[in-house]
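Shared chain: subunit A. Partners: subunit B in the first complex, subunit C in the second.
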Partner chain A sequence: MSTDSRLDTSKVATSNRTDAATASKPSPAGSLASWADDRLGLATVMKKNLRKVFPDHWSFMLGEIALWSFVVLLLTGVFLTLWFNPSMGHVTYEGSYDQLRGIGMSEAMASTLNISFDVRGGLLMRQMHHWAAMIFIASMMVHLLRVYFTGAHRKPRELNWLIGCVLLLLGTLEGFTGYSLPDDLLSGTGVRAADGFLKATPVAGSYMSFLLFGGEFPGESIIPRLYIVHVLLIPGILLALIAAHMLLLVYHKHTQWPGPGRTEQNVVGYPMLPVYAAKAGGFFFMVFGVIALMGGLLSINPVWKFGPYDPTKVTAGSQPDWYMGWPDGLLRIMPTGWESVIFGYTISWNVMIPILIVPPLMLVVLMLLPFVEGWITGDKRDHHLLQRPRNAPTRTAVMVALMTFYGLAWAAGGNDIIAIKLHASINQITYFMRVAIFVGPVIAFWITRRWCISLQRHDNEVLLHGYETGIITRSPEGQYAERHLPISGSSAYTLTARERDEIHAVQGDTDAAGVAAPNSRSEKLRAKLSSWMYSNNVQKPTRAELEEAHHHAEHEAELQSGLDHPVDGHQFDDHRLRDTDEVPLRDH
Partner chain B sequence: MSHDDHSTALTPEVHDSHVPTHREVEPLADPGLPPHTWRPTDVDPKAEKRAERQIAAMFIAAMIMAVLFVVAYFSFEVGDNWDTFAGMGASTVSLGVTLGLSLLLIGIGIIHLARKLMADAEMVEMRHPAASPQEDRDATIQALTDGLDEAGIGRRPLVRNTMLGAMGVLGLPVVVLLRDLAPGDALDTSKLAHTIWEPEMRLVRDVVGTPILASEIEVGDLINAAPEAMFPTEENGYPELEGAEEQSEKAKGAIIIVRMDPDDITPAKGREKWTVDGIICYSKICTHVGCPISLYERTTHHVLCPCHQSTFDLADAAKVVFGPAARPLPQLPLAVDGEGYLVAQSDFNEPIGASYWEREKQ
Partner chain C sequence: MRVLNRTAGRLSRHRRGPLAGLAVLLLGLLISGSLYTAFAPAQATSQASQADQVAQGKELFLASCAFCHGKNGEGIPTVRDGYQIGPSLVGVGAAAVDFQVGTGRMPMASPGAQAPRKAVVFNDEEVAALAAYVASLAPGPAIPNQSDYSIEGLSEEERQEAISRGGQIFLTNCTACHNFNGAGGAMPRGGYAPSLHGVEGKYIYEALLTGPQNMPNFSNGNLSPDEKRDVIAYLDSIEDTPEYAGFALGGLGPVSEGLFAWLAGIGSLVGAAVWIASHTTRSKKSKVNA
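Let's turn to the complex of A and B:
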């Protein structure tokens, strides 16, 4: 393996230079670079990183969507701040939108309407900002799933996993504070529910509510306070954490899929300059462009239809933005009457469990995943090669169970919409969800794990006996059989490029002197969990098994053909299956 | 399958090693990176020229779109024509489409350039362990120890402890400074226990503020109403409310009035005289997290909160019949004044809205 970064450029499109660079008279750019380097010494850092190698795979782009949509959020957000007035001062709307003209509302709402109707490009920027926020959070979630399902959260990347989890939490809070700012009826209803959540906090709840709202709900302080949190506090932390996330990514170097020449020790891909920079930079424009099209063509959060916030009003079908939907769903499916009074103090389990306990718990579970897995497996090695989800059946099943829980809770958050659209009883849907939220994840876990294991079996099947060609042959005795052909050498190698699972064994309850070994109880638990995690997995075949299978296949082919070449169904036409190593017919 | 063959060969020590140990031969040897293949644009000058032209065309189209954006900005009015295209303004739609296409074309052009014309041979870079080499760790620990020794903090626990203490106590000013987030009286949470309702206060319609005659309500009606004090006039003599106070009283004082057949009502103990001829009044604020409830089904006398579907039976003291709420809606005792208008007998006898810790103590 060579680290030589000079390429054979003899045939690269001739628009690239083919001759070696030679020293020439300093150009203005060159002089500027020397001037800067004399003072900053950047060349030492940049010589390593300008040609840094990034591996290529479509799934590595998901985090990039999150990054670029955040940049779009910053740009469109700055535009909006130029007109938005985060004040709850009361004004009478006198702008262009007739249906609300003459109506009293807060300055926040009036300036939102002003941006929407009287500033050219204002509604576009508002809608782009809102769409970008949804894409930001959605892409973070999908990126998180990709990282977890492929095992990229393992050592040495656990800290980046933690940073990512915090980014997801902050992104969600940023979304909530953002959509609450226009002070319209829908968002005001959300803020009032949030006030109810705060009040349900034991001991200090009502004080927390009063401090946040500057007195009793709704007060006149909440919008300016949410505003500064939304435009300064959270974005500042987000920026810092995104920078840390990127720095760690560069330091660890990106993970890669295993394959011929791609090992734990190297990283194979395109250099940052020019290919990766061009692809990533071009992708920024594409994300920006798609968001601009969405902002121009797809209406979102039409606050003028909701009207200004009025604490005595509400609309049917009130829903938070989708990423806030799952705690709202948990809130909806809590059984009636879960509140207790102990020593005269009220404990609202009906709010605490779905809002104050389960969502933070989910975050903790998410953050602990790499550490729990690391403890059970006892694996202390660095991992840079990704795993296919099927090759970690228990891990995959755990995340699918969590996703099922999330999905059911999210659907429960739209139980009224489901009831209306399906003409179903909202009560029946809610009863169903109360059970499904517990049963669903268990079923999902079980199905996923079995599914993964059978996919592992299928992989071994393909390795040992080749792939199904779809060609049916009939033997002279009249027996029909499907012909299997070996997969290409590189595909076969890629399938075997995975580690064997190692079940953690208890290292003896007692030492040589008969004294109980320290931590023997936790060791036993660990062994049990390790066996639960791995014992049903299918391991890749050994070299001996592979050789035997191939030998058997050759023998079979000889018996079947009776010709000078194997029967492949194309003896009499031009569509002969070619040597699979040269031309992979299928990418297995 | 094969997983039995090697499980006996497991040795736990392997787990603690940084270096992966290979105890058995891999089933297949790594064939190494496949040879680089040339793209059509590398070997066919025609394909290369074509790619160049495609990319340039995208960049030119992007320029045209940017110019069209400027044209659209100045040619489409905003304001009155806010719903020209499918509920969206001509300005918004055209600005979005031109901006979006301009950006997309630049992006696709650059990526096309990277894929077709930039060198596409994959490169290999070696990885290094994330950990620092042991000598660096030792040197760092040595430097830290030296530094701390020279500082002498370890040898002077009095200095160290008072310094840490001083910094810790500095947390108090930080916390105390936040006290005036709700300055003075504004932090008085006992306000949660009271609303603006008082004896003899009239119930008025929530939008227009007109008082409600008991006789004008039909069986089956639901009226959204407010305290008369929210609509102060010279005649009724209530003081003007402003700003935060007006908003919070409005938020707490909202009520719903329904009239049903008096025989349908199951009055709660002690509330037999709180209704007027089947007219019964409850707080409009849900006891779950405080949304205003609104959806009334007159045949069942159920009212449903649209936020989380708590359902209350208004005929049976507003008990919760479905959904996450735990407590009935507070009931406002009603009477009729000399002119036949509905009035309150008193304030609610319990805090309205969402539960909170000290609720029962107030």
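Let's turn to the complex of A and C:
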């Protein structure tokens, strides 16, 4: 019995009965909860957070795919560590796979084969782990695109954007280290490539390579080192950053689409418990199910066919996993022989540009996007309402241009597969890519921006003239016209729930004495960029324009007054004359 | 033995008889005559049929091959130095003809980067005739026998060794172009290493021997006949092994895996997200009529 001062209401009578009320027995779950609460004091925290409201939209669940596939990665990964032996010690394989029996290989490779053929459920776990990794990184990217296209990277979420970018980088590195662990022919080729990339670093390259490999490639340390990075270092940082990412999500509250009743100050949606707990929990099982199906049905990385790594061997179709495909593609389309010798050191531009310069540069560009946009717009307000991609045409177009660059580089990484499957010449594909990688993003930017602006125009047409009903009417003069009806108030609210773009103007370029204002150069640049960003956009109609349009619509409706329903085109099927007192077709 | 000795003894008694010389002469004539009837005419017909085969091959050659390879298989150069409409076939041997014509690569339907495998134009007899004609131009590799590319005659243990040795030879010499799974790969300027799936052992052996199109020639000094046989045994074994891991996705490596991660994985999961979000909450079990 707790002796605290709170009133024990279970002993208070709930009726006017004459005999004394007795306490009902508390339920086992309730007593367990109060036992825990007395010791942990979680009720106050839980009470608030279990009722936390999340808005409902499919695109808000993309990040959840990443979260749940990470959980699958942890579960399957723990299983694999129980049998995997990260050692480069030499053994002769004597397991179940006939074609490799009697072949010498590292213990890492032998234990991978053991997991695949001799551990019950091992192959399923290996394949689930690999598919989950592919889906983990893919879903992070899809989530990133959703966040950017809807403007959810703006203040106050810039830091969460940065955390997300670091998660993407770490996920990629985690994937690469995992890909390298089995020590099969494909992963060894990948490690060899990584060694080459390190060595392409000017001056320090060979030192870095010797440090990483503990001597000349391949040495005997790389697999144990990558293993610790793969199972301890990066997963630890990933877990911490995922926690920070989600705490910030809770702190900022989730963004929502604009609409009636939704403001920058509230969140409209369903509470965590029971609705979102059920939805998210259910989604976990769906992600788990899809990954389990893929792991069970689709072959991934059949290491037994690659055989153990041997530096004298290589296979056609040696590609990294998809997320490293785009730097590989840049490497494939680089012209050969771009090297210069400075003070006796060879600078291999042909390796440095595609691997050591462009990918880190892309990451920096990605990280800077919210800050550059914030600087150009000068917008310091908090934003919790999302923007439709069409209402930020330049931003949308910038991302589509980046995606086009990425996609072309990515496709170039599979140039050999494209060549054999489309019966094309690998040389022609390479020449095409060399040009397309520069021209493609520009074309994509231009098309996307014009497309967004056209959609904005269309929104304005719908606001001002109503939606197209599909009803064609013929006037007495014989003219055909499609009837437009005004859209509902809530649709009109949603369409107009966006701000007008303001082009930044340079203020006080020079003062009266002709002295330039401080920062005038950066201010001018900002004004120029702001004009580039906004000047082509279509702004929502003004109040006067909307009122004028409504007046016009009312006038149209008046012409058809007397009809208690919209004209559906069948009013005159019986050829009766309508111009009567009962049905005054024209009363003015 | 005693009977034989007695017979020899009886014969030996008459060895100096008046008819002995005549008998030996008759016997000699009989033996040499029957030997002649047994062997000499057979040789004559085989020579005649081979000549017929070469003649038939030459006729086929003039009709279907000479346009590019020349009337005597000497090859036809183009006006550009070092380029040919069709290469010389002198010394390529019967194996090259059996490979190129037997897999339908020749005659080519149109000039191109590489002759693709297609429906075979000639029947077996005609292929043999063409092979015989080209082999008659100059010595070259012959068509291999079944025993050259099959491990049928080996013991179970030897077969197992042959397969794993063949796998290592395959990974060292062949996968760089043909891919780890024998699924094929790209070569410069529209060329390609074709898929090895379902290719008969004989043709793989002939290809190794003669190096058709973009392929290098693996002479017997480079890969011994046994090593060639082992590669074929390995390829047969991976085709016979069930796909333990599920659908092989073309056996093309990470590119097709990435494609499936996006299309099947992300595609279905985004679909699931749309499905979940489109189903709003219900507090009652009965359906809400919205």
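Throughout what follows, the second predicted complex is superposed on the first by the 514 of 588 C-alpha atoms of A that agree within 3 Å, B and C clash if a C-alpha of one lies under 4 Å from a C-alpha of the other, contacts with A are read in each partner's own complex, and residues count from 1 in each chain.
As a working rule, contacts are C-beta pairs under 8 Å (C-beta built on N, C-alpha and C of every residue); 3 or more make two chains touch, one makes a residue touch a chain.
Being a predicted model, the structure only gives us computed values, none of them experimental.
Asker: Looking at the overlay, what does A:F445 touch: subunit B (first), subunit C (second), both, or neither?
Answerer: Neither partner.
Asker: Please work out whether A:F149 is in contact with subunit B alone, subunit C alone, both, or neither, and reply first, second, both or neither.
Answerer: neither
Asker: Using the touch definition from the top, say if A:E220 reaches subunit B (first), subunit C (second), both or neither.
Answerer: In the superposition, A:E220 touches subunit B alone.
Asker: By residue count, is subunit A touched more by subunit B or by subunit C?
Answerer: Counted on subunit A, the partner with more touching residues turns out to be B.
Asker: Pick one for A:V119: touches subunit B only (first), subunit C only (second), both, or neither.
Answerer: First partner only, subunit B.
Asker: Quick one: classify A:F283 as touching subunit B (first), subunit C (second), both or neither.
Answerer: The answer is both, since A:F283 touches subunit B and subunit C.
Asker: Scan A:A292 for contacts with subunit B and subunit C and give back first, second, both or neither.
Answerer: After superposition on chain A, A:A292 lies in contact with subunit B alone.
Asker: Should A:F176 be classified as contacting the first partner (subunit B), the second (subunit C), both, or neither?
Answerer: Touch status of A:F176: no partner.
Asker: For A:M61, select first, second, both or neither according to whether it touches subunit B, subunit C, the two together, or no partner.
Answerer: A:M61 contacts subunit C only, not subunit B.
Asker: Touching A:V314, do we find subunit B (first), subunit C (second), both, or neither?
Answerer: After superposition on chain A, A:V314 lies in contact with both partners, subunit B and subunit C.
Asker: Starting from the residues of subunit A touching subunit B, keep only those that also touch subunit C in the other complex, and list them.
Answerer: 116-117, 123, 127, 270, 275, 279, 282-283, 286-287, 290-291, 294, 296-297, 299, 302, 310, 312-318, 415-416, 426-427
Asker: Subunit C touches which residues of subunit A in the complex?
Answerer: 56-62, 64-65, 98-103, 116-117, 123, 127, 131, 134-135, 138-139, 142, 185-186, 270, 275, 279, 282-283, 286-287, 290-291, 294, 296-302, 305-307, 310, 312-322, 325, 413-417, 419-420, 423-428
Asker: Can you tell me which positions in subunit C touch subunit A when the two form their complex?
Answerer: 113, 160-161, 163-164, 167-168, 171-172, 175-181, 183-190, 192-193, 234, 237-238, 241, 243-249, 251-262, 264-266, 268-270, 272-274, 276-278, 280-281
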